[in-house]
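Structure incoming, see below.
Per-chain residue numbering starts at 1, and chain names A, B and C are given in the order in which the chains are listed.
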């Protein structure tokens, strides 16, 4: 593996198996990262991604350096040919090249601005880090995808599906107080499709994902109907793509409740966290034993570790 | 030791002896924490607690991950059943469970809001981390207590008391520019009482500590009189408990001066730091050789190390 | 080496050679810092300094603790005898003594206020850390100098000069959007002078450096003329010293362009980064193969490592 940006970056089923093996034996490769440095660049807040990736790196013997760019540093300019006499103190070209000098692997988190769809969906920052850093780049969530989350999600489905060859998985929109990125939903659709899931997407009209993602699975505008016989409910809010970055309508009745969960085949309840209780999902759903959200969060460690392990092995000419 | 929250969490005299031994041989257990992770969660600023705990962890071979929740992350909701459509992005239930997945030991710092005494004195955040993380929890200062500070304070008294079986110790209120928590003072009273000190509390009327603490030692409203023959002056500002969270009156004359120190039995001057010079205590007190404030700060390393060592030993079935 | 504050702290030519050797063999001393702690205190933002110093420390086996004082902590008071009833929560006397208890080596970054030249040029913060911490202190950029940058700059000149015994080096002022410190320019003049460079300073009238620096090299107010036959162009903005901390005039025409570079002897283009493209220097200069700015940034690792190595060796009685 060179970079880790999406399901296309890897052989996803093989990677899930490796992650599950690391969960069983987290210290089996504790010298693999010796004398190597992982740089983590956060342009946006993070709890799970930050801590799980640090933990994964420690279990591989990697040295980790964390940089909170907006707090400890400054804003980056992305545009070509810009006269930089405004807010940004540094161009991504220099920042990426310098990170490449200091780190063997670079992880980056950046959120979309949610103002301009075409700008966000170009995912320029991460693209420029790939172009200019000269190092393997790991997406810690980009404007359009959150592949480490999806990898942990697939681990969790794998752990819970038993012998079910084609579980019914429902990605359900849920309400929120703020306009959120589509990244987790986009990414989940890509990965669930690659894992032989019978995937349905349900959301109010107007919340259709971008075509490259919505085209991968049928959409059902009736949440109750979508939940029938589901084995997994993956719940997530996202803002509108067509009315880009907007919240359209109220839709508080799309909150996941225990009543709705009763329509399912005792489905597991999934969410990437953080989750706003009693807005996105009711307390009794989150506190039920159908919820596997903590298991998902736990799996983030081994998802990150599998990715780091593959990149390190590729650097050493061992892997693929 | 399971958790470390107050003097009741431990056998305090034994713990002080262990801390003093670690001060003599800081690297004697440098592999004890191998492959274990300490997570430090700061909801409020910290210099000494942050650095001394990191140093202590390094001396035990622990991997440390620091999370500044308000900066790097987001606000936490504590209330049960709340519809989370306001500022908080995550409920403590999930945050604590996730920290428990990522860390073997969790340390937390949070300050009281100083608006509502009964809310602050429930110390809910730390209580919920104990309930939901499933891990040993260390208070890095809670709304009501600062036990790592008190442990370092008792080490310092132990180092300075010589053969004095019952030193006279005075906890003296001093003025400040901002309303501060009562945590350090509360905690000191609990610990000094457990250490055979002849403890007196002195403060202006209206600054009585909460009953569970003020009942442990006599209060003297006359600072000059309280200082007579004291062996240790422990100085600290706190805001009113009865007029909760308020500064009542000016009381600039309660600043500790060298003249006041002359009434004592060449007492050692103690303060937890940070200290505002010439407001809380005069320059010549802090710069005199009666001041042991730097020794106290130094002892913070070994206080944290003794606590971490005990928790690690308990996890490994060695300790108690 | 005891402290590292300026070119006077070291034997600069010897130090550059050591840094170049560390670049060739970065892990040759990986146990030198075992059980030692480096504390890095940032009062101002940093990317390169932070990451390169952390990396250097890791390559020497040092434990590093980073403290962002303005974010994670609080403001420091510098004045003697001040009644601290305003913004600052702690005096530098205590902060420095405590850092000295927790760390074996202390690195500090602070920027000048750019309001009062005599205050800034006393460089009090770093001076008080030397006085009160009792530890070796490394400047991570002070109000007046940036010696780690200059050391990396000299490594870069050494790598690029070939057999040229006395390269012509031009320090050229360039425009910027905000008033910046003079520290990088001051420091560069000191170091280039010590390295047998034929140094010329060029800037618009009014941007003369403080006398102790400007007296070290001739000033030419005509940028075009200064560039003739130069082997190195070191570009940097700084605010006025005589009209202290001010931007005087527009001077956008002082931006470094490829046309101007054509006057030189195919000079290498140097800048400390971060750089504002198309304001300080044009894209085509930065993207040309005359630019060595990334090489400079890379050398920051080994500059920091050479300084840390010398200090550690001095502490162990091996070095000088």
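In this section, contacts are C-beta pairs under 8 Å (C-beta built on N, C-alpha and C of every residue); 3 or more make two chains touch, one makes a residue touch a chain.
The UniProt protein names, listed by chain, are A, B, C = N-succinylornithine carbamoyltransferase.
Predicted model, so just to flag it, every value in this text is computed and none were measured.
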### Task
Answer with same or different: of all residue numbers used at the interface between chain A and chain C, are over half used by both copies?
different
### Query
To bring chain A onto chain B by a C-alpha fit, how many degrees must it turn, rounded to the nearest 5?
120
### Message
Roughly how far is chain A from chain C, centre to centre by C-alpha average, rounded to an integer in Å?
### Response
39
### Query
Which residues does chain A have that touch at least 2 chains other than itself?
71
#### Entry: Parts of chain A lying in touch with chain C, wherever the complex brings them together
35, 37, 39, 63, 65, 67, 69, 71-74, 77, 80-86, 88-91, 93-95, 97-99, 101-103
#### Entry: Residues of chain B that touch chain C when the two form their complex
27, 30, 42, 45-48, 50-52, 54-55, 58, 68, 71, 177, 273-279, 283, 286, 293-294, 297-298, 301
